[in-house]
Each structure stands twice: as structure tokens, then as C-alpha cells.
Amino acid sequence: MRSIVGLFVIIVILIIIPSIDYAFGQEEPGKYLDRRALIWNLFFRMMVVAFTIGAVVSGTLFWLCWRFRESNPKAVQTKYEQAGEW
Amino acid sequence: MVLELAKPRPIWQIMFSTHHTDVGLLYLITSLAFLFMGGALALALRLELFFPGPQFIADSMTFNRIFTVHGTTMIFLFILPFATAVGNYFIPIMVRYKDMAYPKLNAIAYWMIPPSAALMWLGFSDFTWYATPPYSVISAPAPAADMWIFGLKILGVSSILSSINFIVTIMKCKHPDMSLGQVPLLGWSFLSSSMIVLVAIPTFAAALLMLLTDRLGVSGFFDPTVGGDPVAYQHLFWFTFHPEVYVLVIPAIGMMYEIIPRFSRKPIFSYSSGVFAFVLLAIVSFSSWAHHMYATGMSFTEKTVFMVGTLAAVPASAMHVFNFLATMWGGRIRFATPMMWSVGGIALFFSAGAGGVVNSAMPLDFITHDSYWVVGHFHLFVFGTIAFGSLGYLYYMFPYVTGRMYNEKWGVIHFILAFIGAVMVFFTQHVLGLFGMPRRIFDYPPFPEWIAMNQIASIGAMIIGVSMVIFLVNMVYSTAKGKPANMDDPWGLGGKYYYPYQRKNPHH
Amino acid sequence: MAGHSTWPEWVYVGVVIALLVWVGAEAWEVERLVEHVPEGAEVIKVTGQQWFWTFEHEDGTKEIGELHVQAGKAYKFEVTAKDVNHSFNIPDYVVLMDAIPGRIHTVWFAPTEPGEHEIQCREYCGLIHYNMRGKLIVEEPLS
Amino acid sequence: MGSWWKILLSIPTKKSTSLIGENLSHMEEPIYRTTPERTAKMMIIVLAICAVGAAIFFTLWDYWISSPAAVVLMKSAKAAEEAPAVATGKEVKVSLAFVESSDLRTLAFNALPGESGNNPTIEASVGDKIIIDVVNNGKSFHAFGITQEEEGFAGIIQGTDIASASNPLKPGEGGKTEFVPSKEGTYYYICTVPGHRELGMIGKIVVGSVQAAPKVQAAAPTGVKHQFDLNFVESSDFKTLAFNALPGEEGNNPEIRVQSGDEVTIKATNTGKSFHAFGVVINPEDPNTVVWNSAIALPSKPLKPNESGEVTFLAGAPGTYYYICTVPGHALQGMKGTFIVE
């Protein structure tokens, strides 16, 4: 749950910041906008998000594997095992 | 090599039988044979690119032929037949029917594969696995190119036939007191992927026909000098082959749906959302084909439409990932080889998907289009997700197929090496693409970054190669001499069923 | 299925969709900016054929395999091909456009500072595709 | 792999069965497990199939890519007609302009119908080099080409086209092309933009017999023999191509001078890393004008690296020819030398 909230925060920030620098970045008379800058910025913004989420997901995956492996001392029979419904 | 259900028969009797497990076995062996052949080609390519400048491959013509056949083989002769093999073994069992709906059709569908494979491998054409005109019309040498075209036509028919077979088996032949809502998710995955095939493949069949007539010079569908349009082919092609990607990946996900609950000792977190996601995928897979073609002078509007269409496919895949994680949550997980492959598959599936989302953003196409980024991206899917799911399932069904147990230790080593290798090759290739290296090049200028990354990728490929040798030895040896498996519960997980030997149908 | 709560899944799907919307919006905005060709961009006709690039400037001068442009100016490429598909690509300036026979595609860029950059073919075009390369030479603006 | 071969060789016969299978609800029979014997058989079958396939494949390795597609053959058949022209050395210079009536209904070359100099007829004889300058003086788009077709805009002879319907000459633009007719008869120079020919943009090229210029016919064989070695060389970055030595070095693209009727033997070796082919041509821009069957290999079936080929031919009519690499583009990149027949 906490991770999801954190995600929302990150997203909001990432939406606001670029829209601001567009607002200012464009208007420079006599200069053409630099497609390199635009496209690579977009790319890196997306990479930030992608890697954040990647960290969350793979973190969850690792934790799951570590926590619920049967060799984990805390491992217990699942309720389905006890009820024998699988 | 199959677990005979009756009594031992001579091999030729198995070969020409129409029983679903026998046909499944044929599919299985064929697909694995081609996995190794195609893999050998891939290693050749990676070795050639280890250093800049021509290495041991004589000339670019040979190189081009190699990567063409590598691509075609892996997609049409490994992944598809493997999925069909799994389907043949398990769909009838899962819907509790004695065989596939049309056993003879089933065998016919299989026996279409060897001739087409022969055509493809003998011809060894050079126009890349998507045969884009005008190159494929005016530049690709005959007879190789025409043989490739015929080979793929036959394969198309074969996969349509087997899809029909699966659909009928599931919809019509399932046990009367079993509702469609009780068909296991593997069944659902085959249902949806077969539906996609039925809609998608005919388009490609038409495209191939046009290509052939163009090559013969009797038509000019794709020849601009007589008013044709080369881009038309690309639309036809991708209208088939973007959905085809889902045809490949959906069964793999279905296989994970078998393995993960089994080894987590839990039922699937949400059967219904799995079904929903499958059906949704099957539908939205048709809304995104032209995102492969941003660079062919598409208008802003077109690009936007297809970007939205592409993004629309993501939630469904994300639901699967969620389902997997939620199923593992609170389970008691036995990390046997199949489970490892599935978990690794999920991880790579996620990274491939993330890459795909980034890729679908229109402007980024200027960076990634036809660069090694794309190579890395779709290999993460076809190897990292599909092949991982498939190999995991191969280990899972091994006891059922052979009645023996594979060597657990070597299975795990196979997985670990393959995973490391995959990360090394395909993640590096993403970066390589960002540095602007075009795909399908026989040689590259000696930019230090390119050299470094190509060498990392090549080493990764070697590691995968080693793991595959281990795999081969393990399979052959265990098939022959492996210790007899406990057919009720090969991994000693407890619970009611190991699929082929289930006492009752799972899920309520 | 043994009773489990589904709301986490819906939250999750919501997050995913939100992210996708964000990606779409960002991409759309950037594409909109990049697509718009500035007025007064100088036209350069780019012709790809097996296996080299020909460039024709507005004043009719032709170059093969090399392209000389001036920093600070905007250039509009009209890309086409003679025989098979090619793809005109200047990685350093993120310029990429397929060259397809019988079609003219346009893409533009404005080099910022003088220097040499690679030009290459991104679309498989046959035997020497791997070496269908050229040089982009950005010169000081002659003011 | 050692253990792997042992499996193939070991043929035990016992079938191990297990009891587990028997107490299963839906499995009456015992489980027959796969044996090494069967595995070995299966492996042998698979490997045998692969071996047979490989044998066929490698014995015919190059056959599978031996010929171009049918459509290519058809197209090149058209172009080939123009190839073996014997140059007379005579040049016919013509300048043409696309003109349009104010309402754009009538189109023509140089002058509108009724005016003098409308669609001028070009007189030439076989082997003459017709040099055509074209300029678009109209307001719409045009493109130039020479064809033998009685109507329509198809069958444009390769190398004679300026611009094309899809990428035409804009108003004020122009171009230059050369055309060496190989046989007597009537050719048509037209605007290749669909419809423009019908609207009047068409003129005749009447090609008379070569007798018009008797003195420049090929001399009888003189029996003199010449032997030239030409190597295809590439700069390390592949950008510059040349014969024998790179530009600036000694012996770059050597000029060849022979007497008409001499027997010339050319040995071409590909010392580069990419593909090349040799031919003596009239128009270096157009690899299809190879004369005297002087071609070594073809662009569609080129000399691979370190391959070499030899060709012997009689030098034809006097004139200035060029020896080039007939792979498209290579002549432009520098693989082009002069071949003078006296």
C-alpha cells in the first residue's frame, strides 16, 4: 500500500515539473527547438518512472520469494493446504 | 519416449499415430530440435559481432541468411510448435475428453511442419523474417525467397488447423458437467490465442500471396513504379504479427498459471481476472499493429491512434503479473526448477513490458526504431518470457512425458545460467540501441562503446549456449536413465493432483 | 475461489492506467513539438539507394555520402529511395525517417554546433546495408 | 557430451515399470517408462534427419541464392536491349523545355503546337550519344524519359529518365541525361507524369542506320593482345572505392588505351571486403550500358571478397569508354577509369 502511495507522489511530481519547463522552455525567439533535447528528456523522464516501478515490482518479487519460500523458518501451511482445497 | 498409455509400441507407430499425446510428442521433439538449431545460428551471429570487422562468417550475404533463418525458426518452428505440444498433451485432459476434437486434423497439422521447415532451412533466404518489399521482391535471390514464402504459407495453414482443433476441443468437447468457467487458465490461454490466430493469420497468407505474385512479375501490389505501395505490405504483415506476439506469449503465461499456484501450494489468486485479462489481451492485440511503422511517414494522428492502442494492451498484461505475485503471496513456495523458470519469466516479462511502454511513445521511436533496442526488447519477450515459461513447463511436464524425473540440480543450474545470460545479452542490447547501433548489420565501425557492449552481449550469449548444452544433456540423460518419477506427485508437494493424474478438476 | 478481496487489484490497475495516461500525454506533447517544421527550413533532398546516400541542396549542388550543413539553420529532409527501403538516420541528432521508393517523407532538424556526425541506414537493405554510412559535417554559420 | 554418446550406444533391453501408476482411478495399466533404447532410437532418427538435410543444404549452398526473382529478369530483359551499343563517338546535343498553354490543357516540348519548334524530332544514328538537357518552364510538375512504347508512360529505358512521376521536376528545375540508341527505329521522348504524354508532351527520336558514320566502325581484329590487371580496392572506412590504388596514390584508376580491334584481356580481383563486378561501359552513370560482353560477374551475382574473374574481348569502335564497378553506386564512389579506343 505504502509503495502505491509513493508511486502516486512520484507521478504527480513527474507530471508537473516537465509541464512547467515546457511553459518556459519554448519561447526563445530566433532559436529552433532542439529535438535532441526534447526527445532525450522525454526518454529520461520515462526511464526514471520505469526504474522506480521496476524497483517496486522486483523488490516485491524478491521479498515474496524470500518470505514465502518453504525453507523460511516462518513458513506455515497455507490455509488451502489445511483445508485441502487445492 | 512418451509415457505409453497402452503398451510399448515401435517408434514408427507413435510417429504415425493420431493420439493427442503422440502428436504432442512429435510437436515437442520437433520444437526442441529447432530450438537448438536456431540457437546455434544465434551463437554464430553473436560470435561474428564479437569484434568489428568480418570474423569467421564469410560475407554479409551469409550473415543475412543466418539471422533471417534464426528469426523464422525460433518463432515458427520453436515457440509455436512447443505451445501446440503443450496444448496437445494437456487441453484434452483439462477438459476431460479422450482426445483432441479432430485427431486426424491434429496429425495433419503437425505433418505440415516438416516440409515447410525443410523449405525454409534448405532455401536459407536472406530477406529477414519479415520479408519487406521492395527488397523481398526485387533484391532477394530465388529460389530461396520463394521457398521461404511457400514454407510460411504452409505453416500458416498448419497453425490455423491446430487452432480450430483447440477451440472445438475446449468449447464443444469439454466434459458436460464442466462449465467454461471451470476450464483451467491454461485452457483459456489456448482458447484466446487460437482465436487470435484465426483472425490474424489469413491476412498474412494474403500478403504472402501478393508477395509471390509480385516476385513472379504478374502483379505490382508493392511496386511503386506501377502504382503499388511497399508500405501496404508492412500493414498487412504487422496486422498479423503484432497479434502473433500475443499468440506466442499468452500460452506461456497460461503455463505459468499452471506452475505458480502448484508450487505455491495455493489456488490462483483470481481465476476470473486471469480469464478477463486473457480475453482482453486477445481483443486489444489488434489495436496496435502500426506502432512498428512510426517511421514510415505516418501522420501525427495515425501515430497517436496506434500509440493509444498499444498502451491499451498493457493493463491486461499487468493484471497477469499482479495475479502471479498475489498467488505467491502467503504461499509455501517450493523453488523447484519449473517454479524458478516461471519467477524469472515474470521478472523479465515485466522489464520487457516496461520497455514496450517506453517504446510505444511516438517520439522515442526516433531513437529506438530498427536499432538494437528493438532487438533487446523483443528478445526479452520471446526468450525472457515465452521461452522461460515454456522451458519451465517442459521441466514441469517432463515426468508425465517420460515417466522419469529430470536432474533437479542441473535444471537449476540451467535456469541460473540462462537468466544471467539473458540479462547480459538483452539488457546490453537495449543500451547498444540507445548508442545508435542499427540491427541486422554484419559489421560495425569500431566505436569503443559499441565494441564493449557487443562483447558483453556475445559473452552473455555464450553463457546461454552453455546452459542449453547442460539442458540437452540433462533431458537426454534423464529421459533414458532418470530415476522413475512418483507419477502422483513428482515434487512431493502434497495436494490433490499433478495434472495428468488429477483425481478431480481443479478450481472449485 | 476461496474468498479474497479484489480491491488491491483494482487500485493496482488504476495506478497502471494512470501511468499509461501520463506516458501517452507526455509523448503526445513532445511529438506535437517535434513534428512541426519551422518556416524557412532549407530543403535537402535525400535519396537512398543500394548502398549509399545522395543529398541535393536547394541550390542544386549534389553530395554523395557526405552532407555539409551550417550550424544554427533549420533543415528539412525530403527522404526517398531509388530501389528498396532504407532508413535515413543521424543518431546524434535523433533524425530518423524511412526512405521508401515512390514516397517522399519529411523530417527536420537544426544542428546547434559545428562538428562531424554519423549518417547511417537503419532499415535492412541488402548485402552492404551494414556499411551504408555517411558523414554529416556541420560547419560554422557563414554570417 | 561424453555421457550423451554413451546413451546413444547403450542399448539395454529391460523395461523398468513402477507400481505407482496402478492404484490410480483412471489408469488401469502399469506405467511403461521410456528406456535408453528408445531414447537412443529417437535421437538417432532426429540426428539422421538433420544430417540428411545438412548434406543436401551444403552441397547446394550457393544454388539456393543463384538467380534473381522472375520480375527482376523481366525488367532487366527490357533494359538489356539497350546495353550492347557500339559507340560511334558522335554526339547529338539537344535541349528540351517543358511548356504549358496558359490553361494547362495543352502540354508540349519547347513550343506549343502550331508554333515553330514544337516537339522537335531528334535525328541520330545507332551508337550516337544523344545528350539531352531538360528544363521545366511550366507551372506544374514534369519528368523526362525515353521509351519505345507507342503509348503510356511505361517501358522507360533505364538511365534515360530525369526525375520521376513520384519525385518530379518542380517549375524551373532541370536535368541532363544521355542516351545511346542501339538499333534503328523510332523512340519517343515523353513526360513520364501520367497523362502528360496524351496532352502532347511527346517527341520522336528517329534512329537511322550506322552507315551515317562509316569511319568510326569497329576495325577488323588486329591480333594485338593486351593484358590488364585491375584490383578493386576500398579505403578502410569503405567511403572511397577505386581500382588498383586509392585516389592520390600511384596507379589509381589507370587509363587504358588500345587500338580498335585489339584483343583485350582483363583480370579483375576483388581485394576489398564488400562485393564488386566489372564492366566497360559507355555511360559511367549507367551500369546497364556494358559493351562488348566485357562484364566480369554481375551486381546480382558479384565477385565476393578475394574472388577474381577474367574476361577477354575485342575493343570495338574508337571512342572514349569507361571501365567501372557495375555494382550500383560504386562508380560514383570512385571505381571508374577511362578506357580509350583509338
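Note that the chains are named A, B, C and D in the order they appear, and that numbering of residues resets to 1 at the start of each chain.
Here is the rule we go by: a residue touches a chain if its C-beta (ideal position, glycine included) is under 8 Å from a C-beta of that chain, and two chains touch if they have at least 3 such contacts.
As the structure is a prediction and not an experimental result, all values here were calculated from the model.
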Checklist entry - Looking at A-B and B-D, which one has the bigger number of contacting C-beta pairs? => result B-D
Item to check | Approximate Å spacing (C-alpha centroids) for the pair subunit A, subunit D | outcome: 54
Next on the checklist: From the mean C-alpha coordinate of subunit A to that of subunit C, what's the distance rounded to whole Å?
Outcome noted: 29
Item to check | Gap in Å, rounded to a whole number, between the CA centres of subunit D and subunit B | outcome: 39
Item to check | Numbers and ranges of subunit D residues touching at least 2 other chains | outcome: 166, 274-275
Next on the checklist: Where in subunit A do residues touch at least two different other chains?
Outcome noted: 35, 38-40, 42, 46, 53, 80, 85
Checklist outcome for this item: Residues of subunit B that touch at least two other chains are 59-61, 138, 224, 267, 357-358, 361, 363-364, 366-367, 443, 445
Checklist entry - What chain-chain pairs meet the touch criterion? => result A-B, A-C, B-C, B-D, C-D
Next on the checklist: List the residues on subunit C that touch subunit B in their complex, please.
Outcome noted: 1-2, 4, 6, 8-9, 12-13, 16-17, 19-20, 23-24, 26-28, 30-32, 34-35, 50, 83-85, 87, 89, 91-92, 94-98, 100-103, 105-106, 118, 120-131, 133
Next on the checklist: Taking the touch rule as given, give the residues of subunit B at its contact with subunit C in the complex, in rising order.
Outcome noted: 59-61, 64, 127-128, 132, 134-135, 138-139, 224-225, 229-231, 267-273, 295-297, 300, 303-304, 307-308, 311, 314-315, 318-319, 322, 326, 357-358, 360-367, 369-371, 435-436, 438-445, 507-508
Checklist entry - Can you list the subunit B residues touching subunit A in their complex? => result 261, 264-267, 321, 325, 328-335, 343, 346-347, 350-351, 354-355, 357-358, 361, 363-364, 366-367, 494-496, 506
Checklist entry - Which subunit C residues qualify as touching subunit D in the complex? => result 49-52, 64-65, 80, 83, 102-104, 127-128, 131, 133, 135
Item to check | Touch list for subunit D against partner subunit C, complex | outcome: 166-167, 238-239, 274-275, 302, 328-329, 332-333
